[in-house]
Structure formats: C-alpha cells, structure tokens
Amino acid sequence: MDYFNKTYHPPGTAPGTLTSSGDAEEKLSIHLVDYTSEAYQEKALTAPDECLPYLDRESITWIHLQGNAQVGTLKNIGNVFGLHPLALEDIVNQGQRPKIDEFDEQLFLILTMPLIRDGTPDIEQVSLFLGENYVISFHSGEHDPFGPLRLRLQKKSGRIRQQKADYLLYCLLDLIIDQGFPVLEEISVEIETLEGEMLDLNAKQSTLSKVHEIRRELLLLRRNLWPQREAINDLLRSENPLVHESTLIYLRDCYDHSAHILELIENYREMAASLIDLYLSSSNHRLSEIMRVLTMIATIFIPLTFVAGLYGMNFSHPNSPWAMPELHWYYGYPLILGVMIAIVIGMVIYFKRKNWI
Amino acid sequence: MDYFNKTYHPPGTAPGTLTSSGDAEEKLSIHLVDYTSEAYQEKALTAPDECLPYLDRESITWIHLQGNAQVGTLKNIGNVFGLHPLALEDIVNQGQRPKIDEFDEQLFLILTMPLIRDGTPDIEQVSLFLGENYVISFHSGEHDPFGPLRLRLQKKSGRIRQQKADYLLYCLLDLIIDQGFPVLEEISVEIETLEGEMLDLNAKQSTLSKVHEIRRELLLLRRNLWPQREAINDLLRSENPLVHESTLIYLRDCYDHSAHILELIENYREMAASLIDLYLSSSNHRLSEIMRVLTMIATIFIPLTFVAGLYGMNFSHPNSPWAMPELHWYYGYPLILGVMIAIVIGMVIYFKRKNWI
Amino acid sequence: MDYFNKTYHPPGTAPGTLTSSGDAEEKLSIHLVDYTSEAYQEKALTAPDECLPYLDRESITWIHLQGNAQVGTLKNIGNVFGLHPLALEDIVNQGQRPKIDEFDEQLFLILTMPLIRDGTPDIEQVSLFLGENYVISFHSGEHDPFGPLRLRLQKKSGRIRQQKADYLLYCLLDLIIDQGFPVLEEISVEIETLEGEMLDLNAKQSTLSKVHEIRRELLLLRRNLWPQREAINDLLRSENPLVHESTLIYLRDCYDHSAHILELIENYREMAASLIDLYLSSSNHRLSEIMRVLTMIATIFIPLTFVAGLYGMNFSHPNSPWAMPELHWYYGYPLILGVMIAIVIGMVIYFKRKNWI
Amino acid sequence: MDYFNKTYHPPGTAPGTLTSSGDAEEKLSIHLVDYTSEAYQEKALTAPDECLPYLDRESITWIHLQGNAQVGTLKNIGNVFGLHPLALEDIVNQGQRPKIDEFDEQLFLILTMPLIRDGTPDIEQVSLFLGENYVISFHSGEHDPFGPLRLRLQKKSGRIRQQKADYLLYCLLDLIIDQGFPVLEEISVEIETLEGEMLDLNAKQSTLSKVHEIRRELLLLRRNLWPQREAINDLLRSENPLVHESTLIYLRDCYDHSAHILELIENYREMAASLIDLYLSSSNHRLSEIMRVLTMIATIFIPLTFVAGLYGMNFSHPNSPWAMPELHWYYGYPLILGVMIAIVIGMVIYFKRKNWI
Amino acid sequence: MDYFNKTYHPPGTAPGTLTSSGDAEEKLSIHLVDYTSEAYQEKALTAPDECLPYLDRESITWIHLQGNAQVGTLKNIGNVFGLHPLALEDIVNQGQRPKIDEFDEQLFLILTMPLIRDGTPDIEQVSLFLGENYVISFHSGEHDPFGPLRLRLQKKSGRIRQQKADYLLYCLLDLIIDQGFPVLEEISVEIETLEGEMLDLNAKQSTLSKVHEIRRELLLLRRNLWPQREAINDLLRSENPLVHESTLIYLRDCYDHSAHILELIENYREMAASLIDLYLSSSNHRLSEIMRVLTMIATIFIPLTFVAGLYGMNFSHPNSPWAMPELHWYYGYPLILGVMIAIVIGMVIYFKRKNWI
C-alpha cells in the first residue's frame, strides 16, 4: 500500500477533466443485471448505450463496470447515465477519499474496499451511483468483487429481489465494508505472532520491521476507512428520497460494522505502539543484564590482573632493598594470593549491597 | 481475551443469514419467569413455542436463553418472538459491538459483560429484547449470570415486582454493567503489585510482560465498553414508549456506572503507560550506575596494568644503555609505584570533578 | 489515594440496597443550623426526626451529617428527608463519581473534595441535597470541613444570611471546590523540587518514584474532578426552579474555579511527563559521557598493554634467530616505546576526528 | 519554512495601519482579465484606477496583483476597490492565518498555498476578494501561480466562461488547494527513502536530521492548512448571496480535497513519529548485539588473562616452598591450560543458559 | 513564570472578600482619559470619586488603575464604579483564569497579557470593565502597557475617536493579545537555536534544560491563553447590547489573532517534543558509534593480550617436557605471531559480516 495513492490532475486543470489512467489499453467489461421479484436477467454489454432501454423500466437495473476505460468511453458513459463531470473525474482519478455526493436525481458514493493482496492489506476504490431504479458500480481492480451478490440475486436468496434499488445499494455497501473483517483478522494474527516473538525474547530486526509495517498498514487503512464511516453516517442522515425508510435499519447495520472496523484499527494501532514499548523495555532489560555481567567480571578481574601484572615486573638491582623485595619474601606468594582473595570478597560484598547479584 | 473476537459471515452473505456457531451440538436451556406484583412463576421450557401463552398476558414475562442453538431452533425462536433477522444474526454472531436498535414494537440491545475467567478479564455478549410486557435475554456463556436477579424476583425484594418490563430490563443492564467493578478492582490490584515490584527495583522480564498484558486487557475492555456507554446514552435519549419516564432515573444511574467504569479504564491505561516510563527510566538509571562503576574501575586500572606490563617486558642487551635501564635503578620500583599512585589520584580527581563519585 | 476507591454492592443487588460501610460502629453526628436574616440557631441533634419541625418553616435549615451511620439510621434519615433510595445508596457507597440528579422536589449532588492527608493528596466524598428551604449535607470523613461557613453564618458576614437555600448550596460548593487550590499548590511545590533535582543532575531513584507518584495523584485527582466540573455545568444549565437566577453568577464563579483547577492538573501532568523526558535524555547524555571516557581510555591502553605483554613473553631458544630477537636489539626498548607513542598519537587523532575530544 | 512567519505591527498600532513590507522597492504588476461567455480581454495595468470602468460592467472582471506594493499604492488600491482597512492590513502583513471574512458587498479570503521551493515545502499567502461580478487576487511571491487558469479562460475550456464570478473564485481556490498534492507526494517520496534507509540499517546522523525536518515541515503545513479547511467549510455554510447554489457542489469538492490533504499530513506525521520509534528500537537492538559480543569476549578472556598474568609473576625464594611452587610442578603447565579450558567451557554454558549465544 | 500563580483566599471565605495583596504599601495611580471626536482630556486622579462627573457625560471615559491598592481604596473603587464584589475579588486576586462575565450594565473581562520579563516569557493580568460610555482597566504590573493607545487617542490617529466605548475596549484587547506575537517570536528564535545545536551534535546538558524550560513556558502560556480565546469567542457570541454590530468585525480580528497565537504555541510545543526525540535518537546513535569502536578494539586485543600473557608465564621444570615447550621451539615466536595475526583476520572478517566496519 503506497503512502500516496491519489491520482490528481496538475493544479489548475479544469474540474471534470478526464484523462485515462496511464497509457494502459482499455480493459472494460460492462455487466448488466436486471431484475424484479419475478424476473432476472444477466447480460454482458459491449457499449454503455445498450443499458438505456433497461434504465427506464420499472425493474431494478444494476450495471457494473469493471476495469480501465479510455477517455472516449468514459465520456460516453457519463452521457448515457447522466453523470456529473466531477463525479466522473473522481471515478477515473483513483485514490479518492470516500464520500457521498447528492446530485439532483442521483446519489454518488466513493468507497474504499480493503483487501489482502499478496499477503499485505491494500485498498481499492469502488464508486457507486444510486438512481430511482438503478445502481451503477465502478471498480477498476482485477477481480470483480460482486460475484456473491449476483449469485444471491439469481438464487432469490434473502429479501433482495423484493426490494428497491436502495436495498441493492445497501447490499453492495455491506459487501464492501465487510471485506474489512478478514483483513483485520489477518492483521490480528500477525500482531499476535509478533507479540509472541517479543515475549519469548526472540525479537529480531525483522520483528521490528514487521511491527513498523503493520503500523503503516493500519494508519493507511484508517485514513481510508475513517471518511468512509462518515460518508455512511451522512447517508443515514441525508433523508434523501432515493433511500427509503425501510432500508435505513440495514444501513445502520452497515454503519455499525464500519464503526466496529475502525475501533479494531484503533485498537491494533495502540497494541502495535505498545509492542514497541515492550520491545524497548525488554531490550533495555536485556542490555542491563548483559552489562551487569560484564561489569562484575571486569571489576573483579581487572584489579586482580593489575596485581598479577605488578609482580610480573622485572625490577632488579643487585643490592637495592627497594627492588621488589616482596618477590623474595618467604610468604610473598600466598600473601599476594590472600590480597587477591580479599579483593574478590570485597567486590562481591559491594555487588551484593548494590543488589546486583 | 482475543484481539479479534467477532464472528462474521463471508462478505456478500445475505443479511440475516444464520449459521450455528461451529459444529457444536445444541446446548440450549430456555428459562421462563412470569410475574405480577402478586404472582410469580418459574419454569424451564423445552421448546420456544411454549412461551407463547405467557407473552400475551398482562404479567411480565422474562425468557432467558442460555447456551448455543442450532440454526433450526434459532429460526424457530425468531418466528415465535417476532425478532428481526438482523437482530437474530447479531445474537448468533458473537463478538458484536454493543448497540441499541429500535424496531417497531421491540427494543433490541447488544451488551458486553466483563468477567474474570481463569484469572484474566474477558468479555461475554448478552443480547436483550424489550417488548411491551416481556424481556428476552440471550447469553451463550457457560454460567447463567442472572441468578441473583431471579432470586430478587422470587423474594419480592426491592420494587422490582411492582414495576413494568422496562424496570426488569434496567435490572439486567445494571447487573451486566456492574460486573465491570470487580473486574477493574482485580486489575487495580495487579497494577499495584506491578508498581510495587518496579519501585522496589525488582522488575523482571515477567513484570514487563504483565504490564503489556494489562495494557492489552484494558484496551480490549475499552473497545467493548465504550460503545456500550454510548448505547445506554442512546437508550436514555430515545424517548421510546417502551421505556417509561420513571425508569429513566434508574437508567441514568446505569449510564453513570458505565461512565465511571470507562474513566477507571482510562486511568489504569495511563497508569500502565506511566509504569513503562518508570521502568525505562529506572532501568536507565541502573545501567548508568553500573557503567559508572565499570568505567571507574577500568579507567583506573587499565593504565596501571599497562605500566606494570611495560616493566614486565624482557628487553635486555648486555651492553646497551637503552635496554630498560629503569629496571635496574636503585629506586626504580618505588618510583614506578609512585607513578601509579599519581595516576590513581589524578583519575579520582577527574571523577570528582565530573561528579561521578 | 487508592486506584480503586469505589464501594459497590455485588452485581445483581437491588438498587437502593443499603449496607453500612464495614462493621464499624455508628459514629454519626447531626448538626442543625437554622437561620433567617434576623435569627440564627445552631443545635446538635441526636435523632434525624428532630429536624422535622425546622424543615417546614420559612427559615433556611442546614442539616449536616458527619460520620458513618448504621443501616437503620440511614433508612430513618431517608424517610425523614424523603430521599430517593438511589441517592441514599450513593451516599453510603463512598467513592462515587461526582454528579447531579434532579428529583421531584430535590436536587442531589455528589461532590469530591480534594485534601492533603499525611502529606499526600486525597479525595473525600460530600453529598448534598437542596430542597425549597433546606440543605442537607453528608460527609463521612473525620473532620467537619464546614466550620468556616458556620462561622460566617453566625457572624452574618457577607450576604449569606439574606439569601435563599441555593446560596447556601453555592457556599458549600465553593468551599469544596476551592479545597483544590491548596492541594495543587502543594503539588506544584513538589514538582518544582523534583525539577530542581533533575536539572542539578541530582536525580536519584527516589526522584523517579516521586515523579511517578505525582503522576498517579494527578491522574486520580483528574478522574474525580473532571466529572465534578461537568456536574456543575449541568447545574448551571439545568434551569431547575430550586436555583434562582441571582445565584447563577455565583455558580458560574464555581464553575470557573473548577475549570481552573482542571487546567492546572492537566498542566502539571504534562510537566511531570516532560520531567521524565528530561530525566531520560539527561541520563542518556550522562551515559554517553561515561562511555566516551571509558572507550577512550580503553582503546588507547588496550593495544599498548598488548604490546607490553608481547614483549613480556618468555620465548627463548639458545640458537634460534627467531626467538624474539627484538628483545636483544640495542635500541629495542626505545623503539617499542616509540611504537607505543605512535599508537597513542594515532588514537588521539582518530578521536579528534570523531569529535569525541 | 520559518517557525515564525507572521508579519505584525508593534502591539498598540491602530488597526488597518499599512506599512510596506521592508524597504524593498515597489514591484507590483496589475493584471486584468475581463470576460463574458463571448468576449475575453486581457490587459496589464499601470495604476489601480484603470480597473474602475471594468468593475461596473456586467462582464466578470478578474484583477490579479502580483508582488510588493508601497504604502501609497496600497491605499490607492484600497480606495479603488472599496476594501476594508483590516483586510488591506492582512494582505500586506504576510503570514496571516487562512480565514474568510464577510464584508457588506464583498467576501474576503486569506489562503495559504503550499509549494516546493528549493526542494523543501513552503507556504505563500494568497488573498482574494469576491464581489458581485469581480474577483481581486493578491499574491506577493515571485511566480504568478495563476497562469493555467488564464489559459483556460482564453481557450474557453470547461464551463468557466459561462459562469459567474463565484465560479472563478472556486477555480482559484481549487488551484491553490490542489498545490498541496504535489507537495505531499514529494514528502511521501522522502519518507519512503528514509524508511528504506532505516530498514536497511543504513541510518546515519543525516537520516535523523531529515526525519526531524520532515516532521517540522508537516507541522508547519498543518498549522497553515488546518484553518484553511475551516475557512472553506465556513464559506460552504455561509449562505452568502455572492456564492450561488450551483457553485456549492464545486466548493464541496474543494473542501474534500482540503480534508484529504490534511488527512495525508496527519498520516505522514504519524509515519515520521513511527520512523523515530523504529530507529530507536533498531539502534537499541544493534547496541544490544554489540554489547553482547563485547561482553562474551571480555568475560571469557579477562579471567584467562588474569590466570596467565598470575603465573607470569616473578615470586622466587631459594628455599621457600610457598614461592609459586606450581611453576615447578611436572604437569603445571598442562594443568593450568586445563583450568583455562574449564573456565571457557563454564562461560559458554553460562551464556547458553542466558540465551546469549 | 511560576507553576502556581493564582492568589486565593482560604476555602470557605465569603465570596467578594477583599484582601490587599501582601503587606505592600499602596502604589496606585489612577489615570483618566475623557474624549469625544472633538475634545480630549487626560488627567491623573488622586481619589476614585473624582471620576464621577465624567462617567455621566456623553463623552467616552477611560479610567486606568495601575498598581496595588489597599482594601479601603478597593472598596471605594467598587462603590464608585458599581462593580460586582466577585469581579472586584477577581481583580485583586491576581492569577485568575481569563473570562468574561456579563453583569447588568457592565461587561467584565479578565485577560492575561504575555510579555518578556528578564528574557523569559511571563504573564500579567489585566481586568477590564465596559460600561455604556466608559471603560475601566486594572493592571498591577510595574509598567503601564497602554501608552501607545493613549498616544493614538491624543493624535486622533485611526478611527478611534469617532467610535464608542466598545471600540476602545477592542483597542485594549487588541493591544493585550498582540503582545503574544513578540513573545512567540522570541521563543521561536530560541527553538531554532536549540535545534541548530542539536543538529550540529553540540547538545550539552544545558541544551536539554533549555528545551525543558521552553516546554514549561509554552505549557504555561497555553494554560493562560486558551481560556482567553474562549472568552473572546463568548464575547463575539454574547449579543450584549454594550457591544455594537460594527465593532464585531474588529473583535473577530482579535479572535483570529488569539487563535493564531494558540496555534503557534501548539506548534512550538510539538517542535520541542520533536527536539527531545531528535536528541534521544542522536545520542543513541552516538552511543552506538562509541560502543562499536570500543567493542572492536577490545575484542581484537583482549584475545591477543591473553595469548601474550600466556607465554609470559614462568612455568619451568628442569626435565619436564610439559613445561611450556613452545617457548623453546625454534619457530615458537613467529608461530605465535602467526596465530595472533590469524585471530585479528578472523575478527575483522566477523565484524565485516556483522556490518560493523
């Protein structure tokens, strides 16, 4: 997940300007689902205008656009569905902040869907339009995330086929938000592994890097999911006629999940910070331990070595009584051994008193 | 207490889908209490439908479901009590965020009850429905926590038998929330023990692990109890006709306890963080102490040892006047001892000036 | 001051249950003051019911209950003054969170009064009831804190005798809140002493413990005084008919003092945290200093000592030209001294370049 | 970017006092653009009064003043455009806090435009007046930032020529705010470089300085852009008749970008703090590693060296049996070697048990 | 600047009690200014009652009281101007929290004026009363801060003489608040100096003390200026008839400056905290560097010294083949030199692999 993932035009570009993302060739698939409580129809379209007959009908129409589009196609899509240029720009410029915009006859939502890609959490943008009896969804990632929903529509499972377009919007929202749970479960497993390594004093450099990476991931998830919660809250309070009273209880459930995910993210962030604290204090503890042993060995033996060195000196003078007479005393050697033992005992008493042993 | 304790369906599952938690066999006991100010009846039921005759009466009916239920039973329960599918899903999927939902003729509450399990704090979910004259409670843990309440009902103690179903709800709430006090008292005792160990400079690696664990427990408690306080606040402000004016003063007391518990949690979290600070600075202090001793001993004796080593060299040349003539001076040895004492005095003066002694 | 100072009943106890605090014998003194702008009467009562004739009069009656009461006496008090069972329970269960409850004809306040006990800050609970023309105050500590107020009433000093019962309540509030100032002044003196010790590099282990203790005290003061400020704010906004317009300006002054005290607490908390930072960085600085000296001495003398040791070896072979011929060179010794001096010079240059000297 | 970049008059100066910034000579260029949906006119003016004929027309007039003005010119400008003295003072005293002021027939905005100057982020003040059919913009930097906008006006690209003056204001706002994206992209690149250096354990002193500098830059950006977001929010909610309903959706987009930029800044600040944590813990880890090696080598060899030194002593006495008899034992040398090997083995076992090897 | 600077009465003192600050003798100067747009009069008064004739006139009267007053004089002042006893108490008890109180015909403000005293920031209290056509100001410091304002009044500079008393109040407010800018500029200079010292690795113990002192000063400034901003905000929203519509735009400018100052304080606080982080990590870096050098030197030479010491031992036995036969080998010495070189090479390879060289 990149630190900076917003696509933006050079400042000063006219609002609503469209530029296809990079020089990538067009890879756009348009998938139409049209249903009433009785009928169900699914169809892959080749051009946006094929949708037009469906939009005017009483039935609920869900058009899903998957992949990258060229500027021409984009403008075409905008015209067909009557989309606001600013909304269209936001769809193209990936990395938008989640939000909800209320246009005259449409509700426009930008959402971010968390997912696990190659073992690390990532974010993908999903854009949704809700109209009187249609929903249009945009997703530029590789995999179409809405397969399970289409299956439910086909199978008539749950109440989805009896409901209006706003319920379909809720189902999409629910699916997008709930992707957060497996992502956070994955992160929680990683945190517990790292915590285990630290408590077993097995922390390596790589443990630290991983803690840093998790903090980074959580920070980026939070940046993307916080405004999403606010957007859903705005949706709940908007009293927009496109969202019916009966759907609100479901959207409140969405809001709840969104809030739950953010609370988990906050929790994990604090746990990651606490892991750093734990690491710092354990490593301090360990360093103290090591230094204590070194100091004890060194302070005991350095004076002893000095004494031994002292009597290893070769001062000699045939007649001088000052030329290391101790070396020639009868009890010189045991005396000096006694001095050394006395030094050791003194040191040990000192350490005991300092509470180091 | 796990980092991630929410049970969730794969994203895209229809809302209200029920799956029994794991392949565990059904272990559900249904306990009915029915009372007016005069009469009191207690009964263990075998099937949910046996409640039906009680629900319609004027008397207050409290049905408590304890344990795990299979999908079939769950759906049956939902039908009998007219529960909303989303609520039913939340009851089954343990690890929900506390909340309050207002349905047409019911009030639905998810609460988390703190408790001490095997010496460490944990959380269990309790779900409550309040209807016109009944309360339904769900709890999937091993022990039925509501025994004391049933006793009060039997004994007619307090005003509980004179009151409506909302007062029974308050009593349940009060019992659940107040479980927080013994849990926090337990934690406060642990913090004081750890504080004592640190102030006595007895901190071991295990002390650090325990501080980390307490931070983790407090974080998880906060995550679960914070939305609970908000839910009770929502209940206070909801002006739902199911909750009577006269019960509000009691619910405000509940809110107060909830707030008190959260303030204690916040307090303990800051104390735990302060303990880490205390540990880091004490251990720094100790390390400085150790290093100071090592440095003093080493800087005094290393030069001395060098001097001793110097005159332990075996340079000799029959005629050379340069072959360590000092060794053969008349006062060579006392001179060199004098040099050594001078070095020691110099070092001590240096340390004094550096304020190390 | 304890981490956990709330008295609570086992969860599930009926609300309003009274249990006398511990098995301590009853030590309750009831003190009645009754006054109008002209008359003043003070009386020690033996039983709560003796108050009854005073409550109905036009005069302002202030009943102060000091000490512990047995259950029987408590219930009696509750009946005499018509106190709500929940309020009565809060009075008995010390360690409540400050709050204000509005009952039908009474206003009930729980307050916490900071004080210095045995040199450390502590908290005591004071409970107050305000009625039409009476105030009832409860305090279970040893010393009656309201002596100065009674003196003012006797002496007719200030406007207190001309005012209603709400002004008496204000006077009590003011006295309780202002106890915070001497407590905080005491703490500020302690912080300045600790700051001085740290800046003079005189920090001992006990300095750290004291900083930790002050953080703990401030945290606990904040926990108790924060909700008190909110309670007074609620009182200001309550528009309760028992509190007259003219008293509001005085209560606003109370609120102001309360806010001032909390701001001081916050300030002192941050200063204490900054002291820890200061300690950590000074001790780091000191450790660096120590290590620098050790390293310089050691890195200079260790190679020298090796060289000296080298030529202290006893290799000898009658004919071998390889058996330490240097020892027998004419200029061997001055040469080796030269090598040693070269090593010292090299090291000093290295340290200079590293900016260590 | 300076810590303190506000220009201010000595306290007590009359509000609206004008002093030209420094003794710099006047370098002011006045650029006028006048357009309707059909006509377009661009003109460099020499004196402010030349604008007057344009202000009264139906066409939209945009006057841009670039550079420093002398006091006389400033007063002249104020008179010509009817600017409030306080606003005029704020234009001159660079380093103002972003804000919006509503005057009788004008809307006055102070904005801060982030930019990269000499490789580091900086801030420049832009001041805008919106009138019924004119916009006046002030910018004192070297480069006129509004070139792209003038081009769009010339080329009639987008809807800008069909709209009122408030849409022109939006275009200016949009350009100013969007300058934040390239600045933050630049910073994100720097953070990633630093992160890489730290994770590769290549952190040098300069890495730390750069992290500090980035924190400083982010702090200063936040200080300047936070009130800007609030100002735009105030503009959205002001219901000022100068801002038409149809422009609000565009201004909301501006607000969104502003919020996005602030969230990025917050994110980067936390990442920078996390980098410091990462550095501290890695460097702790590394220090531990180093000390462990030192301690092992030292604690193994120091006792050995002592033993060797011991038997390098020269005690000798012709007849004394105490004069280091070990030296003359038949197996003395191998025995002492054995003792040394035993010491080494003992140490290694000790280290293994301490988990150091 | 002291931690605790509030003067307070012993708790329980009657509200409005006046005690002159200390036993200092009275040093009060009363300065009257009376003006209309045409006339201007300035006069030093000896007694408060001399103001009375001016208060009733149409002209604007500004009375400034500078210095300490005795109780008698204070009461006199209170009577003359009709000041509320609580306000009078706040004027006397220096160290109040900034606030605004609305009395019947007066507006009472307590403000804190930052200033630099003896090179360090400090705070002085200014109290203001606004009446229909008069302003009374109190300041107990040594220097009268309002000289520049009186000069403007004399000189008729700006619009001040045309305006009402509320504009005079604004001018006083503006002067008091703007004193914050030079104070903060001074602090910013100090922070930049400290930052420079740290980045140049020149940090001494005194650098750390200064950072701590700046944090303390900023904390105390914030504590005093935060409620001041709130007070001005209250004034803006109060809709008090004493403050006219036309003055509000000026007061909003005051609020803006107040907010700007607080944002600068917050910024500087974070920069100071970041400096501590920078110091800690640099000093860690430096310590690591030092230890690395020590460890390399020590681990290379300690084994060598041991080997040298080994062959300095004096084992000898006339016939034993075990008595250090190496010493008498033909190639003994070059062999042992070879072993030493091998040890050095081994160590260097080890350090290379550990990435220490």
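Just so it is clear, A, B, C, D and E label the chains in written order, and each chain counts residues from 1 on its own.
Keep this in mind: contacts are C-beta pairs under 8 Å (C-beta built on N, C-alpha and C of every residue); 3 or more make two chains touch, one makes a residue touch a chain.
Small disclaimer: the values here were computed from a predicted structure and weren't measured.
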item: Any chain that touches chain E and chain A; value: D
item: Between chain D and chain C, distance of the C-alpha-averaged centres to the nearest whole Å; value: 39
item: Centroid spacing, where centroids are CA-atom means, of chain B and chain C in whole angstrom; value: 24
item: Chain D residues counted as touching two or more neighbouring chains; value: 201, 280, 284, 287, 291, 294, 298, 302, 305, 309, 312-314, 324
item: Circular arrangement of chains, read from chain A onward through chain D; value: A, D, E, C, B
item: Footprint of chain C on chain B - complex, ascending; value: 146-149, 152, 157-160, 171, 174-176, 178-179, 181-182, 184-185, 188-189, 191-192, 195, 199, 201, 249-250, 252-253, 256, 259-260, 263-264, 266-268, 270-271, 274-275, 277-278, 280-282, 284-285, 287-288, 291-292, 294-295, 298-299, 302-303, 305-306, 309-310, 312-317, 320, 322-324, 354-356
item: Residue ranges of chain B touching chain A (in the complex, touch as defined); value: 2-4, 6, 8-17, 84, 86, 96-97, 99, 101, 103, 201, 203, 205, 208-209, 212, 215-216, 219-220, 223, 226-227, 273, 276, 279-280, 283-284, 286-287, 289-291, 293-294, 297-298, 301-302, 304-305, 308-309, 311-314, 324, 326-334, 336
